[in-house]
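Think of it as A, B, C, D and E in the order they're written, each chain with its own count starting at 1.
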Amino acid sequence: MQPASQAVVEAKKLGLTFHTGDGPVQALSDVDLTINKGEFVSFIGPSGCGKTTFLRVIADLEKPTSGSILINGMSAEQARQARAYGYVFQAAALYPWRTIEANVALPLEIMGIAREEQKARIKRTLDLVNLSGFEKKYPWQLSGGMQQRASIARALAFDADLLLMDEPFGALDEIVRDHLNEQLLELWKQTNKTICFVTHSIPEAVYLSTRIVVMSPRPGRVTDVIESTLPRDRPLDIRETPEFLAIAARVRDGLRAGHSYED
Amino acid sequence: MQPASQAVVEAKKLGLTFHTGDGPVQALSDVDLTINKGEFVSFIGPSGCGKTTFLRVIADLEKPTSGSILINGMSAEQARQARAYGYVFQAAALYPWRTIEANVALPLEIMGIAREEQKARIKRTLDLVNLSGFEKKYPWQLSGGMQQRASIARALAFDADLLLMDEPFGALDEIVRDHLNEQLLELWKQTNKTICFVTHSIPEAVYLSTRIVVMSPRPGRVTDVIESTLPRDRPLDIRETPEFLAIAARVRDGLRAGHSYED
Amino acid sequence: MSRFGISWQAGLALVLCAMAAVALPLAADAAFSAGTTVLIFALIVLCALASMTVASTAFAAAILFVGAHGAAWLLVSGIAGHEGSARASFFLLVAAAWLLAWRCVTELVTIRPKNRTADTMLRLIVPTIFGVWLLLLWEALVRGFGIPFVLLPPPSTIAVRIANSLPVLAADVNQTIFKAVLVGYVLGCGTGFAAAIAADRFIFLRRGLLPVGNMAAALPIIGVAPIMVMWFGFDWQSKAAVVVIMTFFPMLVNTVVGLTASGHMERDLMRTYASGYWQTLFKLRLPAAMPFIFNALKINSTLALIGAIVAEFFGTPVVGMGFRISTEVGRMNIDMVWAEIAVAAVAGSVFYGAVALVERAVTFWHPSIRGG
Amino acid sequence: ADKVTLQLKWVAQGQFAGYFVAKDKGFYEEEGLDVEIKPGGPDVAPEQVIAGGGADVIVTWMAAGLSARDKGVPLVNIAQPFAKSGLELICPKDGPVKTEADFKGHTLGVWFFGNEYPFYAWMNKLGLPTEGGPDGVTVLKQSFDVQPLIQKQADCISVMTYNEYWQAIDAGFKPEDLVVFNYTELGNDLLEDGLYVLEDKLKDPAFEDKMVRFVRASMKGWHYAVENPEEAAGMVLDAGGQDENHQKRMVGEVAKLIGDGKLDPALYERTAKALLDQKIVTKEPEGAYTTAITDKALK
Amino acid sequence: MDRLRDKIIPVTTLLALLVVAWYAFAVVLNGPFQRDLDRRAGETPSYTEFLVKTWSQPKPTLPAPHQVAQNFFKTTFQVKPWSARSLVYHSWVTLSATMVGFLFGTVLGIVIAVGIVHFVALDRSLMPWIITSQTIPILALAPMVIVVFAAIGITGLFPKALISTYLSFFPVAVGMVKGLRSPEVMHLDLMHTYNASAAQTFWKLRVPASIPYLFASMKVAVAASLVGAIVAELPTGAIAGIGAKLLSGSYYSQTIEIWAALVAGSLVAVLLVALVGVAGRITERAMGGREA
């Protein structure tokens, strides 16, 4: 075990059950997981296995029904109030009455960051996701992928030490995705952020992560945790190396095990 | 040129410009494309290049500002009125006050299909997308991927000859995606439907399509149309054949050409 | 395309004309000369027929416009001075002309003009035609049936009265609208809004205030007005107080509902920023509540006017729209009563229109404004 | 029996005791009449009701009646049960107004809705402008109660001897605390409650006969009420009147105003002149009253 | 129903505060006149005597709560509920007119909103006039309406309900126009792709989406409807109904009675608004609504 000071996320026997009209749904059960400072952890698993729910628990948007969770040694609520993390939702969740620019500015306004600094950050992050030129547009005037990129820009502008990203690149094409993957890795290396990343793409998970958490549904639980042996510096063509393919194969096996249809 | 009776979609010099507060946005320009009965056409291109807009023009949800479009030899409006197509939106667009079951039933109710038949179809399509057991849940009680699958089930239950699918598998993991890809191919082969399919995944596009349309943005236009030489019967492992990889490489090149960031 | 062929309005108008021809003369006494009668028939029949044959929608609308209003004008001006003498034939022709006007409006709304000014013009013309016909029918019925003017004066005498009493009307408007209504409206909407925020902020208040607010809402003005006169004196302040009470509740209810209108994910987003109550309120929940708040502002714009006028039925100085209405009824000057009502209606519509314009600007993002 | 609809000027109260008595005691029935009595209210103009055909005969004040006649509702006075006026202006003794000379620069409460004419005639006579200012009086449209006096919103208010005056007394004013300007005593009274019908209907002899019987029975009712105020008050209460004590007192006070039912031409002239002076009517009224009915009814 | 219990404490606390403020106000408002009275009578009461006197005037400017409560209790529980002296009777008269008017008003408002949303011609021509209709001071017209109806022999519930309808249809119409136009563009597009008829889009999409707007407007409308019924009772000669009680009370400065009637009116209002609220909550729950 690592010293407590290093652990950013510490889940112990975490369980969460939703009570719906027609009976309880066990979204998470017995999740034990520790994520240390500077790690890049990907979550992968069939849809409905509780990835989003786990991220929401970290973010203090859901309360676990059993077990405990600590963020930076604090309770999830304290961590939220200390603005410990940035969150990219699975859907873009942009405010329709704000332009793209103003949407990105939202968290900065809330944290009371100076105008000048706000402007600089907005420009930088919108450039990063290749949305310059669309600052003055309203969300409904953008395509689905552009909206998703705007929401990524919003989370990056925030600049928290812990980033929670729920399928941020789902709606993007391969080229943009590769580009953003590289950018994200770069950012992570430079800033030593801790990143929790939900994805459905095995290559993406392997390419980005230091650790890959494989989950399986009904009830949602962690079935495998795979440490990456890849170096920190990862050019895009690392994806063709045998080492990479081996890890990917292991993830695929873990994933397949959690699925019900095998033919 | 094919005889007119065969052409399901016929776009000629199609152009569409949106007028926004800060000037016009040319979403489509000079698009010439004919899609024949029984084809499976994938659209691929950077985000914001007009894929959704093109599908919306086919579906008569946007009116082109120049050029012409014919569906089954009719105007887009007549085709819509004849319920010529099923549409899967980029976002799930489920009605929050209806259960999953009732959401899938919606188009069937509208077309006045008998109760019994409705039930049978709902069961079949929900099984297909692996959502049985969630019939009575409301959309907000499902995960993002499950919502997307419900919306696919809704479009399939419709059972139209032309299927327009806008990134239907974007929010799904690789295993489910493979599974649904196979199912979709199977369905297509059996029913001889015509399918227009927007995707960001090059392998998916190559695996599924008889033709791949590569688009590029600002203004949105078709830059390449690639005919697939793969046979109609495609086991999953066809994806490792050199033929497959060659097509994929060609698509990737076309795609890259449309992108602004090359390092 | 489908322009040709029989429109049911024009067809029915022709049928009515035929019936009117059988039931001639138009009036029991010599209100209409033979020439006028023929002219009226000719106008209606020819325009109805022409409208069904010309190719352009705009042209057909123009023909119908001329026919309907020309005939109506002849009918109404002819019966003036011969009140109560109209016979069935007269009313049949009025109905026929009205049908043509209806047809005219249906043609007009299908026109999609290219430039903006023409579009705005069209948007103004359609409701105007509707309003003009409301007045024309009123005039024709009152004069045709010979209803005593002390019961219901025709619009023409009301118009004359308005023209002759401009200074009095101006003084009344100043007293009632510029003092009582505006002040009351601002205070009422303001306090309603503040109360809604308070109720939202403190669960305790929400549970307590809403039921009590309901009680306050139902305090009928009739009971409240005299009390307000006792408390705030008989000048406009007491009227403003009544307006405050009337506008408070709609604002409260709508704002409270509106504050719950933001989406769950949007609210979660704010939570992840550990955004404080006020920040979430100003940046998310209030913008999302705007459609509801404007709903209340619009309802209140008319309620405020009613409230102020009704409140003036009690103790007032001898000026004000409500004062004038209640006194002039007593003096049998019903045309003056209607003159005030007309002024109130115009003022209220302008008020409402202004609020609606602001709404368009503020909630431009809402699907109902973006188009849906 | 012949149907007659009577529209009152105000809500059911002692002011109309005679009609309620006549109905209750069967005086109308004796004359072969079936009378329906419709109470009024603050916004019911009896003149409008009769013009709309909602009543055969109405109770209203002469000034309002003549004004309506001027506007095209041909009302004719057929009887005048109230010989005297019950209108007064009262001021607290400790207030600024003690005599007519003190009015200048003060606020006076007046009833409108057709009840304002006597006041304006009086001010006209005194030569006081009514637009406010130091040389005139400020007019307040007063509610039908004595609150403006209690609240000190007005220096003087209008009351009826039979009604609001007693409300002031009930509210704690003693008679000696009040300065009273009685319109009748000052010679400013204009004719109050009279019976009016439409002129053209009166041309029908059958209707005229009906009215003769109606007036006869009504006056019989009035005389009975004057003699038995207590009993009359009970009948008013049965008809929807409120506040027993108050109604008893009202009937008692009203009794002092009741005459023989015949119109006094001199008072009529004064009323007509006052209205002409104030331009409330545009031309000298003609044929606005008839004595034919009372002549036949009250021999 | 712990929701109910949750409400009782806050409501009673707030009401208690109101009552205290009310007593204080009663002293302030009744004080000057009491002082005048005492001065005329030459008395100099002690402070407590003075307080008690301001709370026990027979015709106070602002009656003290207990005076109103006594009167309310007497006229509600100590007389037969169907006698003309009972507030229950008067409340019922008003309530019945209100409910009929509210029903008509809601239906009319919805019908108008549906028309406006579906027909451009109506949207363009009708809406401005509906707004205008609401700027007509109803109390000015109410007597004329009542007079006209009485002239053709229609009296009682119907004319009153008509005034209620007139006041209550407007909030519903405005709210429903907004609500029926509130569905997301994508949801409408979906219907479009099914080539759903206007009726289908209406029932399956517009109606469910407009429900929150409907109930918010209906709450306002039911209150407006009550005001309408009370206003309409004034010119009918003050025979029955809360409006009649208010009116006759005000003729004789019976402020206590006025306030008792006001309390009755408010209770009726609370009842009605609560009913609409409960109906709204039930509907929302049935539609799978998520706790806000």
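Note that a contact is a pair of C-beta atoms (placed from the backbone, for glycine too) under 8 Å apart; a residue touches a chain by one contact, two chains touch by 3 or more.
The chain lineup, named per UniProt: A, B = ABC transporter ATP-binding protein; C, E = ABC transporter permease.
Nothing here was measured: the structure is a model prediction, and the numbers come from that model.
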Enter the minimum step count from subunit B to subunit E; a value of 1 means the two chains touch.
1
Chains in contact with subunit A and with subunit B: which ones?
none
Smallest number of contact steps required from subunit A to reach subunit E
2
Pick out whichever of the two, C-E or D-E, is joined by more C-beta pairs in contact.
C-E
So what's the Cα centroid distance for subunit A and subunit C, whole Å?
54
Mind checking the centre-to-centre distance between subunit B and subunit D? Centres are C-alpha means, answer in whole Å.
85
Taking each chain's centre as the mean of its CA atoms, subunit C sits from subunit D at a distance in Å of 39
Can you list the subunit A residues in contact with two or more other chains?
21, 91, 138, 140
Of all residues in subunit E, which are in touch with two or more distinct other chains?
61, 139-140, 143-144, 147-148, 184-185, 234, 247, 250, 288, 290
So subunit C residues touching two or more other chains come to 151, 226, 230, 264, 313, 326, 329, 366, 370
Go through the chains and record each pair that touches.
A-B, A-C, B-E, C-D, C-E, D-E
Can you name the residues of subunit D that touch subunit E in the complex?
8, 11-13, 38-45, 48-49, 52-54, 94, 143-147, 150-152, 167, 170-174, 177, 240, 242-243, 246
How about subunit C: which of its residues touch subunit E in the complex?
105-106, 109, 123, 126-127, 129-131, 134, 151-152, 204-209, 211-212, 214-224, 226-227, 230-231, 249-250, 253-254, 257, 260-261, 264, 291-292, 295-296, 298-299, 302-303, 305-306, 309-310, 313, 321-322, 325-326, 329, 337, 340-341, 344-349, 351-353, 366-368, 370-372
Which bits of subunit B are touching subunit E when the two form their complex?
56, 59-61, 80-83, 85-87, 89, 91, 93, 95-99, 106-107, 109-111, 138, 140, 158
Sort out for me which residues of subunit D touch subunit C in the complex.
42-43, 45, 47-48, 51-52, 64, 67-68, 70-73, 112-116, 130, 138-143, 145, 147-148, 151, 153, 280
Quick check on the complex: what are the subunit C residues that touch subunit D?
148-151, 226, 229-230, 233-234, 313-318, 323, 326-327, 329-334
